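Each of the next two complexes has subunit A plus one more chain, namely subunit B in the first and subunit C in the second.
Let's turn to the complex of A and B:
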């Protein structure tokens, strides 16, 4: 049963293994080894028998092959209506086949399934809305990814990503010390402008526990500063945690179920330790899905909820604006044509469409907001969801996938796209880089900071 | 005064004038110089792809690439390094302003030296979105003064002896003043205190009569004496002046007349511009027009 030194069925367990994999530039050796990787059919079938429960078995069985899902899939539309991009076909020809053949599939089949699972589906779950039987191919692809991961058939970057969570409990090599230190650094940078700005660490029984995306810590700590400043201006009793602060989960994209569980349990432990009234996560879609929507089930929580009630940043912001905790200077509202990207993970899959519209009503001058078409829960994926953005092997397919969002944005005539999700933000930046349509894009926090009224007692002395 | 200098460079021609000043200063003041280059901007989500700042290429980052870039930086400054073998060369990955600030926070230099804009990559979507200008972002929040050279520093001959301090009487200007005084004392410089009375409003239709202008000049002079002069009585060569006009033009003219080899000014940015830090427009204009290095001071110098 040949397994490679880098490409194999064992997940990353140590920092040394992680570095070794990282140093294999572009996964050159990794992908060579992938060609020789054996499929452990017995294990695959055993896993399916244990984990493929009635819902997925029923879905596979009752699909009538009606093709209603075809037009719901942006990847089908954007790839010249290629029949192999029809969601039902994609899942039946991969997961369906594996189940049918009781796991007796070979390396070539698994590589085909890998490409289908990571380059032909972003797990946006749009097809599930349009299927007359309610079959959700996105959910099934998430499951298929788990089977593939366990057999070692996973894109190089995602094996690294899942490994990061296993080693650092974060999607990047950011330690707990780095996190706290960086947040404090941001307070230092802005304390002159916002006297009294402080970053409470491990405050117990606070109203809000704020969790983030490790990339903010590593590359864009301004985002942390902006979050801290807005909580400060809103007068919130908030805190960060010195451990368990990472809300995202590349392990979810990778299908590394064990690491998914490790990651959310780490965050839940912080909630149990600090007992915040609520947890607020940053502007990230999949982080919300991982920690708030799916995480409780990974962690085996009977009530299906995290230990503390948990909301997305847009929910907190909408509430802060509604209650007047944050007030907007009407003169400074956005006065350019602007649209908003509905993130699949918390709009379609968690029903927060009204929160973002409420925010828009506060921050955009009436008449300047243009909806994309379709929008809200019917909106298309940004083109880079589900891990698609970061996989070098499928760059070409990803760039093609961006065309849908490009055309949607162009049709609005917007100059600014608000993207309160890291993945969407990345995809929209990349589509501007790739297709140069002359747009700007932004998270909500920096926009808010430009227009929020600083209460007199929080202004610096002049 | 300048024991540790952090020279943040793109290792391109855009920073060559700044390099000259940085190496000269290190030599003159026996400073430890660190040449710091941020090689790339991380892109493509969690992938290992970075955009190389110098070439604009998308590259896969690994140890080989990093050492190759380090070598390139050494080659770019080969001549200067011959006479300054103690210089450290360091390379980092990230958004340039953030990594420069991170480095400065770690090593606490007495001064950051930077050059002008590389002016390239205007086409790059990434840059347009996140980097208004590295310089502006660094100058906004750096805990130490930032020295900027965007033009050939004609009147700089390896040391400072003749310093112009420009003020608008703000609190930030007080910080800049403290620094200018410390520098003048330690390096035995002449110090010229200067304020420009902004009469640009006249172009907008408000015509002030000359008496009013002169009254304001007298008031400004009085304020300068009260605010600054009493604190520098011990300095042998102090001058004080208020001119009317467009502030940045007047400061540049004044510095030229005094043959200044350094201008010290405060930095102004409002917090609302967090995402797109801008220097105060006067500072920005002085930086690009002055014939000598300009030091921007934002925070109090401990």
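Let's turn to the complex of A and C:
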């Protein structure tokens, strides 16, 4: 059974393997090897028999082929209503066929399934809300991704991403030292403006343990500073952890369940070690989904909860504004037409729609906030979710997918889009680059920092 | 033939249907797996029951879910069809008489005119649903002969029943065929996609529990706006 040196059924285990894969620019050799990769049908069928239980089997069985899910899928709408983009068709023609054929499928089929799973579905779960039978095709695509990953049929970047988590326990090659040093360096940069600003590391029994996205450490260190400053201004008893600080999971996008488990257990170990009252994660959707919503199940926690109660940044911020821990200067509220992007991963998939609206009520001058249509749990994916943003092979399809969000934003007339999610933020940045509609986009933290009132005792002495 | 159909075959078809439903329902619940499904079913029973009830409620109320409101034609056909296929077999006065005969008691009966109206609405909706399958590319692409088969199986008792009711030709022929079609449908329930008669509730409850327990149902407001 031919397996490539880079494209094979074995996950990345060592830093050397990871570097070798990274050095294959754009996955040129990797995708060549993919064409020769065999399907281990026995293993595929054995896995299905073990893991495809009554929920998914029933979904596949009772689908009435009614097509009511078609209009719920932004990829169907944005691809000229191509019937092959109907969610039920997409899952029936991939997972449905694999189950029907008891795993006897070939390389060409698996490559088709791979493209369907990663370029025709972002696992936004919107279709599940529009199916009369309650069939959630996003969940099934997540399951299909796991089957494909185990067979080696996974986009190059996501094999790397999952490998990063396996090697570094982070989505990028950011070490624990890098994280702590970057956070502390950022605090030093700002301590003249905010005297007493410090970054508590490994403080036990703090009220808040703050976890981040490794991209912030590597590319957006000012985000760490902003988080630290806002906790400082709010008078929070908070801490970071020197290990287990990465909240994201590209392994989830890849369907590498073993790596998902490794990653969340690493974060949970930090919670158990430091015993914070709560964990607050950064402004990231999939990170929250991975660590707070799905993670407990990967880690085998029967109550479905992480070791410490865990909330999203928007929940903390809404609470801080509500309780007056952070006060906004009314003169500095946003006075341009502004809209908010509802991230699928914590709005539809964790019910946080009210928290973001509460924040808006504090930071936007009345009359300037315009809702997208549809919105809240019915909002469309940004166009780049589920790993779509990061896959070079499917860049063309991803750019087409951005059109939905572009048109939603244009319809609001907003000049500023608040996107408290890394994936959405990236997608909106990319759609501006691609389609140039003249909008600005932002996380919440930098906006807050511009309008928050610094209490007198925290001001620099002049 | 008639005696066989209203005698042993009547009981056999009902038994296969009911036992099949029970066996498959138990199998469904036993096949749920908190860790594989990633839903802590047992840990949060209140949130789970609330989520399940909401998920079923909004979808069985006409135009109750956003999905129904978004597709008024489909919703109208769907409810016209299902109102008839649920109410007429259970509460047609002739069927209630059979029930009294077989079980010794009966429930309420639909007025004749209403039963006629519901039956015709079901048939009309079935035709429209079939045409919809042909007309819309997004439905056509997935449609197989099985989909038409299920539709035919569902309306066969109505076609034969109405033919008997209006005495089109030989009454006893249509009546025999009607009973045969009805019993075939009962037997098909556990073994075909007709299983959605009960699996609809199972599946909706499961997704409702998923949303109620894991995906935000415990976040302190009413939960997902279906």
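Just so it is clear, the second predicted complex is superposed on the first by the 462 of 462 C-alpha atoms of A that agree within 3 Å, B and C clash if a C-alpha of one lies under 4 Å from a C-alpha of the other, contacts with A are read in each partner's own complex, and residues count from 1 in each chain.
Following the convention adopted for this analysis, contacts are C-beta pairs under 8 Å (C-beta built on N, C-alpha and C of every residue); 3 or more make two chains touch, one makes a residue touch a chain.
Computed from a prediction, not measured in an experiment: that's the story for all the values here.
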Fit or clash - subunit C, subunit B, common subunit A: fit
Which of subunit B and subunit C A:81 touches, first, second, both or neither: second
Which of subunit B and subunit C A:342 touches, first, second, both or neither: neither
Partner chain in contact with A:22 - subunit B first, subunit C second, else both or neither: first
Once both complexes are placed on the shared chain, angle at subunit A toward subunit B and subunit C, C-alpha, multiple of 10 degrees: 160
First (subunit B), second (subunit C), both or neither touched by A:246: neither
Partner chain(s) touched by A:236 [first = subunit B, second = subunit C, both, neither]: neither
Closest approach of subunit C to subunit B (Cα atoms, Å): 26
Doubly contacted residues of subunit A, that is, touched by subunit B and again by subunit C: none
Residues of subunit B that touch subunit A when the two form their complex: 42-49, 60, 62-64, 94-95, 98, 101, 105, 123-126, 128-130, 141, 143, 170-171, 270-275, 299
Residues of subunit A that touch subunit C when the two form their complex: 51, 53-55, 57-59, 61-62, 64-68, 70-72, 76, 81, 83-84, 86, 88-89, 92, 128-136, 293-294, 296-297, 300, 302-304, 348-352, 354, 376-378
Residues of subunit C touching subunit A in the complex: 27-40, 42-44, 55, 59, 65-67, 70-71, 74, 78, 133, 136-144, 147, 193, 195-196, 199-200, 202-204, 206-208, 210-211, 213-217, 219, 221, 223-226
Touching residues on subunit A, where the partner in the complex is subunit B: 22-23, 25-26, 157, 161, 171-172, 185, 188-190, 192-194, 215, 218-222, 225-226, 229, 250, 384, 389-392, 423, 426, 429-430, 432-433, 436, 440-442, 446, 449-451, 454, 461-462
